[in-house]
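These notes concern the structure reproduced below.
The first chain written gets the first letter, and so on, giving A, B, C and D; residue counts start at 1 in each chain.
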Amino acid sequence: MIRFGVIGAGRIGKVHSKTIALNSKAKLSYIADAMPAAAEALAAQYGAKVASVDEIMKAKDVDAVLIGSPTGFHAEQIQAASNNGKSIMCEKPVSLSVELIEQTLKVVEKNKSTLMIGFNRRFDPNFGELEQRIRKGVIGDVELVTVISRDPNPPPADYVKGSGGLFRDMMIHDLDMARFLMGEEFVVVHALGSALVDKAIGVAGDVDTAAVQMQTASGRIAVITNSRRATYGYDQRMEVHGSKGMLSARNVHNTTVEVHNAEGTKADPIQNFFLERYGAAYAHELNTFIAAVESGDRNPKPSGFDGLQAQKLADAATVSWQTGKPVKVA
Amino acid sequence: MIRFGVIGAGRIGKVHSKTIALNSKAKLSYIADAMPAAAEALAAQYGAKVASVDEIMKAKDVDAVLIGSPTGFHAEQIQAASNNGKSIMCEKPVSLSVELIEQTLKVVEKNKSTLMIGFNRRFDPNFGELEQRIRKGVIGDVELVTVISRDPNPPPADYVKGSGGLFRDMMIHDLDMARFLMGEEFVVVHALGSALVDKAIGVAGDVDTAAVQMQTASGRIAVITNSRRATYGYDQRMEVHGSKGMLSARNVHNTTVEVHNAEGTKADPIQNFFLERYGAAYAHELNTFIAAVESGDRNPKPSGFDGLQAQKLADAATVSWQTGKPVKVA
Amino acid sequence: MIRFGVIGAGRIGKVHSKTIALNSKAKLSYIADAMPAAAEALAAQYGAKVASVDEIMKAKDVDAVLIGSPTGFHAEQIQAASNNGKSIMCEKPVSLSVELIEQTLKVVEKNKSTLMIGFNRRFDPNFGELEQRIRKGVIGDVELVTVISRDPNPPPADYVKGSGGLFRDMMIHDLDMARFLMGEEFVVVHALGSALVDKAIGVAGDVDTAAVQMQTASGRIAVITNSRRATYGYDQRMEVHGSKGMLSARNVHNTTVEVHNAEGTKADPIQNFFLERYGAAYAHELNTFIAAVESGDRNPKPSGFDGLQAQKLADAATVSWQTGKPVKVA
Amino acid sequence: MIRFGVIGAGRIGKVHSKTIALNSKAKLSYIADAMPAAAEALAAQYGAKVASVDEIMKAKDVDAVLIGSPTGFHAEQIQAASNNGKSIMCEKPVSLSVELIEQTLKVVEKNKSTLMIGFNRRFDPNFGELEQRIRKGVIGDVELVTVISRDPNPPPADYVKGSGGLFRDMMIHDLDMARFLMGEEFVVVHALGSALVDKAIGVAGDVDTAAVQMQTASGRIAVITNSRRATYGYDQRMEVHGSKGMLSARNVHNTTVEVHNAEGTKADPIQNFFLERYGAAYAHELNTFIAAVESGDRNPKPSGFDGLQAQKLADAATVSWQTGKPVKVA
């Protein structure tokens, strides 16, 4: 039984709290949030206690800290948890600063802490199965990875100002998936972007429609397209072309019901909400983290290094979009 | 080069005339029709001559007669063509009278004529491929055959009066397909039917919605459902369940275009017209007939015997519907 | 909070116990089973107590009895629970004796007890949605219902001897679904069956492959096909043809991953196990029962009457198969 | 009746000759080829005469010249045909030299000749329908165009040397489709490429795997991926994301047959050969050209300007790949 302290009672904190509460190997012990009312409401729902971040870090009856606070606090909380001997599961991104990530990973390394980063999509049953088949050699050598990821609705322009921008806030998931599926690091990134969905997003200095293409040292290519708005739902697809075939994973429809009439054959809309679409992924993610803590595996995937690499790619994409030039990645 | 005389310049005669005209191994020599204007128009379109039925039967420059006249004339025209040494391709059904079919097949047998019956669906590339895979053993032993066949729109009630009824006029195609796919004769037939689409069809003594289930001596089962109206198009599907798997053939959509929006994912309507849906089948059917004539194969499939068996099943289904009891088939 | 006593710690008792344990509005209080070890193991798993059937019936801290015992006990246990003022959820079938069901429903009626029968498939999100769209008029008048239901593997021949036979043991689910989708009672039933999968099932006096067609007083038709073995998984499909269109619900694949290579495009197998396929249905079924108990609705669907009608149809199908004749249903 | 002179009796010349021969509004009068035997064989097949290029240009009984010669001859032959008052249908690309295309278009303009360029994919029924729905506003404003195009097998490395490279030889079709679907010119192109399929292609100075992303002045984005080898067939897909929805067109499978067994559900391979996949497109392309000639429309689409723009994009992509930098297009 792993006893968790959850930091952050916002949207993602609620997701993880519920996932922990439903897991028979996990106990939701403490919840911290800068807004006490939020922490109290969530704690009451699952029979947990409210505590400060500092109290969680030092609590003897906490084995693992789940960090779901605003991005700006992730790095220092990872370090504090590591210095206090806790295992750590931290939401993406580790930090908007690559330098701060590198410094944080050194602390984790020194303390030999277990750290896992919350790229939940790797744990989606569809995408996870796709990746396993690649590794089993079902399609031979990977040559071309295509990631399509589109949100149902754009966030308020106010939100994007503090988000680090689409490449760091939204596409970072897809950059991680591209690395995950490719199995080789990317060395060059080229990005295009526009504010086509909401001009206010453009005024705020960000884009809502974007494409990135990247290449590895051996010449393999990945292509990602993003939009902040898809009228047809939460579009999440992957496709990997290899020397012996292609693997694809389609969207998930609400039901299997189809209507057939003179207009055509109409399937249900695709699942529209990230919690519904990735519900199974969050549960599987937590199981993977718990298994790592129990077995003493200090580097469950996605690791701190995975978090670092995704951030480097997101930074490179941002600079490429800003300068109009390809950016090399170390 | 096989020289054809076509009897009948109606809907199906036009289909066959065009198919013959486009076939490099066939020549459309003569067309006969009780309505001279119809024969003349069709002959003019393809550079053929108009002739009487009798003239076609006796013409030295006719190798094969294609019979697309009203059902009531089929048997006597087959016999006449056979007695004049012609090869014969005849539209289904051979006759509404099983006795007359049997008598006709004796003439054909005596003359050693080549005769093929126009069950065009066997030549559809999808259904043909499905049947070939059954015979290759892809699904092991056939256990359960499902045939779904629905027309876009009901015929006028006037038409059904002279048609022999749904089981003989429409379902006969599906009865033939069930035999074709099953590969074993049926020994018992039970039918249900209603006039749900158009009450006038019921008043005319026929049904527009029907189901038949049949069993072979070894216990295998086939299920057919028919409707005279499908708002979503010309519904033509087959499914065969066997000891090692299942084979299915879906409908054909107009294009592969799909629209995705908040209402769902909408594929195109399915092909709605029999000429479009079975265009390739008619061409392949003619090629099969020509190959049989050229090679001297007197029993190309679907044979006269196939026409006889389908008619027996259609009669049995009709009686079963009328009496509410299962009917045995010899 | 509804406090449950569960009778039966076998396969289906385990399913319901888990579903109750995971439901925040339900409490799993007692478990009874003729084999004490089975009851104890299940009780220990969910923190419930072991009790005799009689103790559960009389316990003051039991609001509802969930009956998952062997079929032969269902009727008397429903009556006992009803006479003791409990709400009742009972697995299908109520009894293999129509007479005993009728007598039991009279007791339930007299006591004004809440009774629901466990036809879980009505609660499947796909089939439930399909039925709701029929009721909303999406396809106009229902004309033709097709239910396809095939189990992955046949049961041992020993099992079928005491099961009442395929029509009462397996097809009863599909007979209920046909009633559910049609919305009108069937008045005539015709069945065909064979032992094609396992000859020992035939020797035991049962079939493993079957087809039923039924008609309502207004002429509407339903067709059901069953097999006790489908190499491709647990095949569960429905299709409803109406005057304004068709509704269908397809199988559920394990994942959305597809492999594309020279052999073709291969989708995952379909879900193969009833617990996986109908997991959501069991949860939704329990919620419906709890809502009925809480609101005092004595006739949640599927009701005792639904259980009675399905049994009548299963009996009729059995007799039809045995006699080779259609059987009328009152 | 439009009388055609066909220049080139190679692979594409054969395609067009057959299409002309089957078209009731066209007559295949002359065929020219540098290899007399090839011209003679093709002419004999369709009852045409062999002639020199010069004879075709000057023949009074030729209305239209169809140019299917090697790329290096296209520009001069267009000019000659234009100067002789012929209508012209020319295979893509017009020329590998943008300058020469511009000079050629001036000649065509001066002579007021009808010229159409053979980007056959615009005439595919699926892609054509997709484009028409965009123009009807089905998905609102176009924001993101995705073109996936992969050949079944790579050409010999020898071939690529004289081909102008993948971007000019293969991707030019996709660059044209991206323009066709987008409806706005692209202003910047970034390309990535590698020789992953066949190292000899890399040694020959070309790539076999490539990605291009392009942006319009208003910020819209198109993404193209190419591979010279797809084990699963001739992969030809389009997807257009707009403000009100998405339109997609899938691949075409050989048949609709599916096999279901323990391995999953397997659909047929997709059509593997360009003649089969685009057979209908070639026929529709010719009809469009004939209609333009008959009506005196001098600028049927795809026009000479479309040929020019596609070549500019192909050049830009080639330079981008060579330099690793985005390239602006005028």
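Keep this in mind: contacts are C-beta pairs under 8 Å (C-beta built on N, C-alpha and C of every residue); 3 or more make two chains touch, one makes a residue touch a chain.
Model, not experiment: these values are computed from the prediction.
The chain pair with the larger count of C-beta pairs in contact, out of A-B and B-C, is B-C.
Looking across A-D, C-D or B-D, the interface that copies A-C in more than half of its residue contact pairs is found at B-D.
Put simply, the C-alpha centre of chain A and that of chain B have 58 angstrom between them.
Centre-to-centre spacing of chain B and chain C amounts to 41 Å, using the average Cα coordinate of each chain. Shared contact sites, meaning residues of chain C that touch two or more other chains, fall at 231-232, 244-246, 260-262, 268.
Within the complex formed with chain B, the residues of chain A that make contact are 231-233, 253, 260-270. Chain B meets chain C in the complex at residues 141, 143-144, 146, 148, 150, 188, 190, 192, 194-197, 209-211, 213, 215, 218-221, 223, 225, 227, 229-232, 235, 241, 243-246, 324-326. The residues of chain D lying in touch with chain B in their complex are 125-126, 129-130, 133, 138-139, 244-252, 254-262, 268.
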